[in-house]
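First, the structure itself, so that you have it in front of you.
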Amino acid sequence: MSGDSLIKVKNLKKYFPVSKGFLSSVFSKKQLNVHAVDDISFEIGKSETLGLAGESGSGKTTTGRLVIRLIDPTSGSVFVQGKDVMALKGTELKSMRRNFQIIFQDPYESLNPGMTIFDTIEEPLAIHGVGSSPSERQAMVKEALELAQLVPAEQFLYRYPHELSGGQRQRVCIARALVLRPEFLVADEPVSSLDVSIRAQILNLLKELQARLGVGYLYISHDLGSVRYVSQKVAVMYLGKIVEFAESNEFFENSLHPYTKALVAAVPVPDPSTRKVRVALAGEIPSPINPPPGCRFHPRCPQVMNICKEKEPALKDLGKGHLVACFLYHSETK
Amino acid sequence: MSRREKTQAQVRRFKEFWGQYRRNKLGMIGLGLIILFSIMAIGAPFITPYDPLKSTNLAGSKAAPIWMTAFPGYEQASRNMDPINDPSLSTKEAFSKWQVSSTSPAASVVYAGDVGNPEDVKQGSIAFQFSRPAGTSYGNVVEQAVFSFTSTYDAPQRFTLDLYYRAEVSENAIAKIFAVIQNSNGTEYIIWDKRLQDTAEEWQKPSPRIDSWSPQVRLRLTQDILGSAERKIFSSPGTYSLILRVTISDNDASSDATVRLYVDDVNLRGYGAVFGYLGTDQFGADLFSQLIYGARLSLIIGILASLLSVVIGTVLGLAAGYLGGATDEVLMRFNDMLLVLPGLPLLLVLIAVLGPSIWNLVILIGVLGFMTIARVIRSQVLSYKERTFIEAARAAGAGSRRIMFKHLLPNVMSLAFAQLALSVPAAIVTEAALSWLGLGDPTVPTWGRMLYLAHYYGVLKEWWWIVFPGLCIAFVSIAFIFVGYAMDEVLNPKLRRR
Amino acid sequence: MALLEVNNLQTYFYTLKGPVKAVDNVSFSVEKGAALGLAGESGCGKTTAALSVLRLLPFPGKVVSGNIVFDGQDLAEIPEEEMRKYRWKRMSIVFQGAMNALNPVFKIGEQISEGILLHENVSESEARERSEELLQLVGVDKSRYDSYPHELSGGMRQRSMIAMALACNPDLVIADEPATALDVIVQAQVLKLMKELQEKLKLSMILITHDLSIIAETCDKVAIMYAGKMAEYCDALSLFKKPLHPYTRGLLAAFPDVRARDAKLSSIPGDPPDLIDPPTGCRFHPRCSYAKFPICSNEEPPVREISTRHYAACHFAGEI
C-alpha cells in the first residue's frame, strides 16, 4: 500500500447484542452477539476507490457506517489525518464530518420529502456554518447541483423529491454529499435501486467527480461488475471478515480465496455463448450470531482442509499488495 | 428571487394537497359546514340585531318560533303587539289616531304640540283640559281619549302600558285618570287609576309599572294573584280599545277650577307567544341570536382548546419519540397517567375550584386533551427515526434539536393538523357538557349554556330550544371529523410513497 | 405450434389522470420447453404483459385488445370461471419480491398444498406428499414443510415460491424478477435450479427481468420492451452479438461486465418516459443518439423483421 493514505482502518469490530426473550435471558447468562464486523483493517489512499464487495450478512454495510462513525464501533480505530475518529467528541467530531460524507442506496428515502432540493443541499452548509451570506450559500448549492450534472440548476432548486426521477434524486444526494467538498465519500449501493440505463450515468458521474475533485470512495456493493468498474482496489468480506484484498484487475482475474472464486464465477455475464459451468456454491451464508469455528468459510469451502476447521487464517500479503486469508496460501500448511 | 420561488414551491405543494383533498366527498362536506358556521360566527351581528344575552323581554317568556304557527295549536298564538305607532305624539297625525270625547263643553281633549315629556326629544302630548270660571259647577265630568286596534290572535302572554303624565289640578277639583281596556265584546277593564292632585312640575309615570304580570293588575282583574289578566281581557280576536279616561268631580263653584293633564309616550305593548326564528328563553331573550352567537363561541373554544392540546402533544411526542431512552420512559409514563384519569370528573373538580370562566375552560380542556395526540405523534416519529434521510442528516452533522425541529416536525405537522381537526369536536362537546352541568361560564352565550338553561327552566314542550343547539353541536363536530378524516387520507399516503 | 402466442396485446390502466398505455401493441410467442426473456427497465410494461397473460391485472388495468392464444385457446375471450382452470394448472407465476409474498402466519408447506387442493381433487395427505416432493425438487429439505416463512432464508423462500408455482404441473411458468433480491451466489443457485427444472419437466418459461446477463444465461429468445412497446425480439445469441435497436445497444453498453478490464460504460441519457403522455413517434427518440428528425419524432416505427426471426422497431434498424 502506497501513497498518502486518506483513511487507515485498524482492527475495527462491531458486535450487536441480540435481545433474547424474557425467559432465555433469565435462564442463560451468555450474551449473544451478532458479529457484524469482526476485526478488519484496510487503507484507502487519496483520490482512490476501494470497492467493498460481499453478500448480505457480510458486514459491508455496517463497515460503511462505522468508517464515518454513523454508528459507534465496539472497538478499533479509524485514522484520518493522524487522528482517531473513534476517539473524537463534540465539536471536533462535528467538524470531522465535513470531510466525510455518505450516499445511501435508496435515493428517495435519503431525502426529506417535505424539504425542497435547495433546503436539502443547503443543510450541511447551515449545520457547519459555511458561507457568510444567503446568496453565497445559494451559489454553493447551485455549484453542487452542477457538479452532479443537474442542469439548469435553477430548475431544480425549489422542487420536491417526489417531483424528480430516481436518477435525479440520486444526483441530489450526490450534490448534498459534495457541497462541503469532502475528501472522502462512502457510497453504499448507490445504484442498486436505479434503472439499468441510469446506473451507468451515476457510475460515470462518480468516476468523473473523483477525477475532478480528488475524492476518495469506499464503494460498497454486491454487484461485482460495478465494483470492478469504479474501484482501483477491491476487498471482499465474508461474515464480518475481509478474506481477500487486491488491486482491481488482479482481484478479478487472479482470485485466490475459494469464496472469491465462487463469487466471481457466479456473476452472470451478458454473453450467451459462454454458458460456462458456474461454480455454484452449496448452502448459504450462516448466521453471524454464531459463526463457524476456525475459518468461517470452511463449511462451504470446496477445498477445505483439517486445519481450516480449527484455526482462523490471518490475512497474508502474497506480494503486489494482494492479501488473502486462507490456509491454502500459508506456506506452513503447504 | 429565492423567497419568491420558495413561496411558489409551497404554493405548488398546497395546490397538490388541495387537488387531492377536493376529491374527498366527506372532506368537502365538512369544509362546507365549517365555512357555514364560520359565516354564522363572523356575521352574527349582521344576521341578528339582538344582543343574545342582554336583550331580554323581546317577547313573552319561552315564546315559540314564528314558524311554529304552521303547526296545530299554534295558529292563533299571539304575536308581539305594539298598536300605538307614534307614542311620542310628535305630530298632529299621531294625535288624530285617538278619538276624543267629553261629556261637558268645559272639558276637551286636545293636542298640545309644544308640551311634551322632556325626556323625549319630540314635543307633543295629549292634553285633557277642563276649565270653568267661578260660579258654576259641572258636577261629574268625563273626558277620554280612545285608541282602537284590532287583535287577530289569542291573548298575548303579557302586556304592559307605559305612559308619562303631568297634572295641574286646582284645589277645588278632584280629578282621576283611568287606564281602561275595552275588549271586543265591549266589556271594560280598568287596569290602572290614579288620583291627580295639585300641580306637579315633573312628569310622572305609573308606579309600579302597569304590567299584566304584576300582582296588582292580576288581583284587580282576576282576584287571583296568579291569575291571567291577559286571557281575561283579550279573550278573543276582535277590536279593542285603549281608553284614557279622566274624571273630574267639580262640586265646588266658589272658585275657578282648572284641570290640565298632559299625557305623553303612551305605549301599550303585548308580548307575543311566538317570536323570531327560534323563540325566546325564560327572560324573553331571542334564542336565535343565542344560537348564532353560540357559533362564535363554540368555534373559538373548540379551536383554541384543540390547538393547545396539539401543541403540547406534538412537543411531547417529538421529544419522547426521538430522544428515546429515559426521556421517553418518563414522558410516556406521565402521559399515560393523565390518560388514565377520568376526564370529565377531573374537569368538573378543576372548574369548580378554579371558577367557570371561559378561559379556564379553554385552558383546562386544552391541557387535559394532549395525551392521545402525544402518543400518535410519538408513533409517527418512531417510524421516521429510522428513515434514511434522518441518517443522512446525522451524517451531515446535525444535532438532535435540528433533526427534531427541521426534519421531524414538518413531516409530523400534517398529522398534527389532522389531529387538530379531530380533537375540535371533543373540545366543543366537553364545553357543552360542562355548561349543561351548570359549570359553564354564565356570561357567555354558548350552545351548552342554552341547553343548560333549557334544562334548568324545565322545558317540556319547547323542543326547539333543545333540538337546535344540539343539532348545531352535532353538525360542527361532524364537520371537523370529516375534515380530519379527509386530511388523514390525503396526507398520509403522500408521506409514505409516491 | 407455439405453446403461447400473444398478438398485438394492448393493456391500459384507466387512472384519474388518463389512460396509462402500459402495454401498447406487443406480440411474442413461447415454444414448448423454451424460455423467453422479457427484458426492460421499470415501467416498460413487462410485468403488465405477463399479468395480462394470466389475466391477473390489478384495478384499473384492462386488456383493451389483442389475443392471447394458449395451446390453441384465446384466453382474452373466455369468462373468468374458465380462466381459473388455466391459472395455476396450465400456467403459473412466481411473483416479484416472492419472498415477501408468502403469508407469514402459515407454514410454507401448507401454502404449497393450498394450491394443489384448490385445483385438484386429492386428499390432504396426498397434497402434503406432493408438496414435500416439490420442496425436494427445488432443493429444500422436505422437513421444512412445517417451517414458517420467517424461519427460512431468502434463497429458500424463493425456492418455495418456485415449488408453489410448480404445484399443479403447469406447462408455462412466468417468473417475474426471480433473482433480483437475492445475493449473487444464491442467485446463481436459483437460476441453475430453474434451468434444470425447465429441462427436466419440459417447462416453458417467461423470465421477466431487467438484468440482461441473467437472460443471456437462461433464455433462448429475448424480447426487449421500452415504454410499453416492443423494441427488439430475437433469439438470445443474436441479441447480444448483433443488437439492432439503439435502446438494446445502449443497454448492453451500460452493463458493467465483470470480466472486462478498463471497461468503458456508456449510459443512455435522459429518463424513462411518462406513460400517460409518452413522446410522439418513436417513444425512445428523445434519448436516442441515432434519432433522425422528423421521422423519428413523428412516426411510430412498426415492428419489422430485419433478418430471419430478428425483429426490431426502429426506422433505421439494420442501417446503423
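Which chain is which? They are A, B and C, in the order written, and residues in each are numbered from 1.
Operating definition for what follows: a residue touches a chain if its C-beta (ideal position, glycine included) is under 8 Å from a C-beta of that chain, and two chains touch if they have at least 3 such contacts.
Note that this is a predicted model, so its numbers are computed, not measured.
By C-beta pair count, the most extensively touching chains are A-C.
Most remote chain with respect to chain C, judged by CA-atom centres, is B. The geometric centre of chain A is 32 Å away from that of chain C, both derived from CA atoms.
Each chain gets a centre from the mean of its Cα atoms; for chain A and chain B, those two points are 73 Å apart. Touching chain A in their complex are the following residues of chain C: 41-42, 153-156, 183-189, 191-192, 210-214, 216-217, 236-237, 240-241, 250-261, 263, 265-269, 271-272.
If you check the complex, the residues on chain A that touch chain C are 55-56, 165, 167-168, 195-201, 203-204, 222-226, 228-229, 249, 252-253, 262-264, 266-273, 275, 278, 280-282, 284-285. For chain B in complex with chain A, the touching residues are 2, 5-6, 8-9, 13, 387-389, 391-398, 402, 406-407, 410-411, 494-495, 497-498.
For chain A in complex with chain B, the residues that touch the partner chain are 68, 70, 94, 97-98, 101-102, 104, 106, 108-116, 118, 123-124, 127-128, 134, 138, 157-160, 162, 173, 176.
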